[in-house]
Amino acid sequence: MDALSMGGYGAYVWTCYALGAGVLVVCEWRARLRHRRVYREIEVRIKALGDNQ
Amino acid sequence: MTAKLSADGLTLFRGERCLFQGLSFALNPGELLLLEGRNGSGKTSLMRAIAGLIEFEDGDVLWEGKPIRTNRPDFYGSVVWMQHRVGFKADLTLVENLRFESHLRAQSGADLDVVLKRLDIDRLKRLPLRSLSAGQQRRVALARMLLSSVPLWLMDEPFTNLDREGRALVMDLTTEHLSKGGMCIMAAHQDVEIGGNVTKIELK
Amino acid sequence: MWKFIHQLASPPHFYRIAPAFIRWLAVPGLLLIAYGTYAGLFVAPMDYQQGDAFRIIYIHVPSAYLSMMAYMIMAVSAGIGLIWRIKLSHAVAAAAAPLGAWFTFLALATGSIWGKPMWGTWWEWGDPRLTSELIMLFLYFGYMALRGAIDDTAKADKASAVLALVGAVNVPIIHFSVEWWSSLHQGPTIIKEGGPAMDAAMLYPLLAMILGFTLVFGALLLRRVRAEVLYRERRTRWVKEMILAGGN
Amino acid sequence: MMSEEDTVGMTSGILGVARRDLLLAWKRPGDILNPLFFFAMVAALFPLAIGPSPEQLQFSGPAVMWVAALLAMLLSLNSLFLSDFEDGSLDQMLVSPVPLSALALGKTLSHWLTSGLPLVIVSPVVAITFQMPFAVTGYLMVTLLLGTISLSLLGSIGAALTVGLHRGTALLSLLILPLAMPVLIFGARTVSLVAAGDGVAGGLYFLAAYAVLTLSFAPFATAAALRISNE
């Protein structure tokens, strides 16, 4: 419990580490999301063009 | 012998659309290059690209054998550009507008009054450009070309807004320019009757 | 050497080999962060002035460093793209901006949280570093807004590259002027985050965190660049063939 | 008889464009006056918001006037290249042997003469309402004189980048304001320092050096941006 309370600064310290982890996760997630969206868009277009030809 | 102006393997995209691919041409003194095609076929884009205002996807336009992209001052010192938007200030008078031209490119030293008389706009000298009709503004743009002393005329749709008389005037002036060893690239969707050495490019 | 760079800069090749690079950056990076977090939180001794609150610097310093680093990467690759017309480097610049903005945000948030117990306020204008970071965030916003406002990718690349270069000239000046400005301010005394005489047990976790964050940043950057490359090459034959073959 | 180099050159390009734009401004005085009115009105908003206490006004005067000046400059920047872009004059400037950076510098020069310099000239009038002593007003004018040069030059880059874009005004502010912070900091703080009776040489040197620095790179950045924006 002592380790968690960080000499009374626990809330500040843990918030910062959570934020750090959060930013890393969000960046990774946004990058994957963007990739997936672009991929889908191209896939749909290629399929649609394939039907026309 | 290298041509004065030449192009090899030009490819141009506008947005997602490919306007043309692998286009080539050559132009020498006394010659006219005529770009034909319906509206929206990419004539204006090609003209703007030759003028160096937009970039080709592939290929280069060469002026005296050197790509214009890297030799802009050389090329631009020999060109005058006429397009749909005439490039004059509506608030300035005809004379004030033409006087500014001398800061942009070499002038032939031709007498202003003679040139304006020939174009039949000498009465409008002191009027601000906004009070001129579209056709009269086109004639002022022609005055810009006559007052300059450059060999290459780039004209995008020079006949727009001109009456029959005006169109004949453009053709006469161009023929005259070519006969003096000048060059011209013209984009037009009307029939053009210009004597001399004409090459045509049809855009689809 | 040149051939290697040229090959790497070819979009299909980059797209194929990027996942391997991402793995090789992310795994050691995450391991370093794990070690740094553990050692920083539980092993490093308490700072006698700041108490346990100083442990925030293990997040704050790497993110502040990366916010500058990302701007530099962005400006340099934008410059390369503008001068040598390498499409991949424009993609790198486009990918670096949002990441840089996120790390700048992290540096600001942690700096502000650190400031609360230290200065008693969430925001202290007297601290030049926080103020610089704030302006940095505005610079990133401007860059991304300009990119977002131009539809044509090639045009957006070139216009934003000019902005990135102008910004890069200004960043040191902004830094300097904020420094000068706060030196006039007679506010609360600012405790320096870690002096030169830092205990080894405090220093090693910090170095591990900086290196780990940098590696993970590299991995994130590559992942974003990969998505950018795919978008930019969407009309090409290799993308079509890859997607028809069900590749990833 | 002048040679070609004399008639079509850098100096002639800079001065020719500047003269044309000044002539245009002369025919449309509203373009000069509107930012000035804006400057005076923003400066008047603050006393109304802060309250009439002379001490407080005297204290916040330099900062308020500098912020107002910065916003007024920003307001006038939006139209810097817009009409040239719309009527095709920009095309004519691009297709010219005169370096585009020289023409851009000419435009910036006339922008400064029609928006920066008038601000400097009317600033003493506004300063009176802030109870600013004469000596301090003198320094305010000097910092504005040096600072607005940088603002015009930096602003021309932003104006060139955003010309032809929708939502141009808001975007322009977003691009330029962070870059303008050093000018604001040194401008406003230097005047505040004078008011407090401190030394000022450092701030003035910085503003002068920054003006020279922006003068050395802004025209080229503006030219590059114009070429890109006009595509």
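The letters A, B, C and D name the chains in turn, as written, and every chain counts its residues from 1.
Definition applied: a contact is a pair of C-beta atoms (placed from the backbone, for glycine too) under 8 Å apart; a residue touches a chain by one contact, two chains touch by 3 or more.
This structure is a prediction, so every number in the text was calculated from the model and none was measured.
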{"item": "Shared chain contacts [chain A and chain C, defined touch]", "value": "none"}
{"item": "Chain closest to the middle [Cα centroid of all protein chains]", "value": "D"}
{"item": "Most distant chain from chain B by Cα centroid", "value": "A"}
{"item": "Centre distance in Å when chain C and chain D are each reduced to the mean of their C-alpha atoms", "value": "32"}
{"item": "For chain A paired with chain B, centre-to-centre distance based on mean C-alpha positions, whole Å", "value": "53"}
{"item": "Centroid spacing, where centroids are CA-atom means, of chain B and chain D in whole angstrom", "value": "36"}
{"item": "Distance between chain centroids, defined by C-alpha means - chain B, chain C (Å)", "value": "49"}
{"item": "Per-residue overlap in chain A, given as positions that touch at least 2 other chains", "value": "none"}
{"item": "Residues of chain D touching at least two other chains", "value": "231"}
{"item": "Junction residues of chain C, two or more chains touched", "value": "152"}
{"item": "Residue ranges of chain B in contact with chain D within the complex", "value": "51-55, 73-74, 76-77, 79-81, 83-92, 96, 100, 102-107, 154"}
{"item": "Partner chain B, residues of chain D touching it in the complex", "value": "4, 7-8, 12-13, 15-17, 20, 23-24, 27-28, 83, 86-99, 230-231"}
{"item": "Chain D partner contacts - residues on chain C that touch it in the complex", "value": "82, 135, 138-139, 141-142, 145-146, 149-150, 152, 155, 158-159, 162-163, 165-167, 169-170, 173-174, 176-178, 180-181, 184"}
{"item": "Residue ranges of chain D touching chain C (in the complex, touch as defined)", "value": "154, 157, 161-162, 165-167, 171, 174-175, 177-179, 181-182, 185-186, 189, 193, 202, 206, 210, 213, 217-218, 221, 224-225, 228-229, 231"}
{"item": "Interface residues, chain C side, partner chain A - complex", "value": "37, 41-42, 46, 51-53, 55-56, 59-60, 63, 98-99, 102-103, 105-106, 109-110, 113-114, 116-117, 216, 220, 223-224, 226-227, 230-231, 234, 239-240, 243-244, 248"}
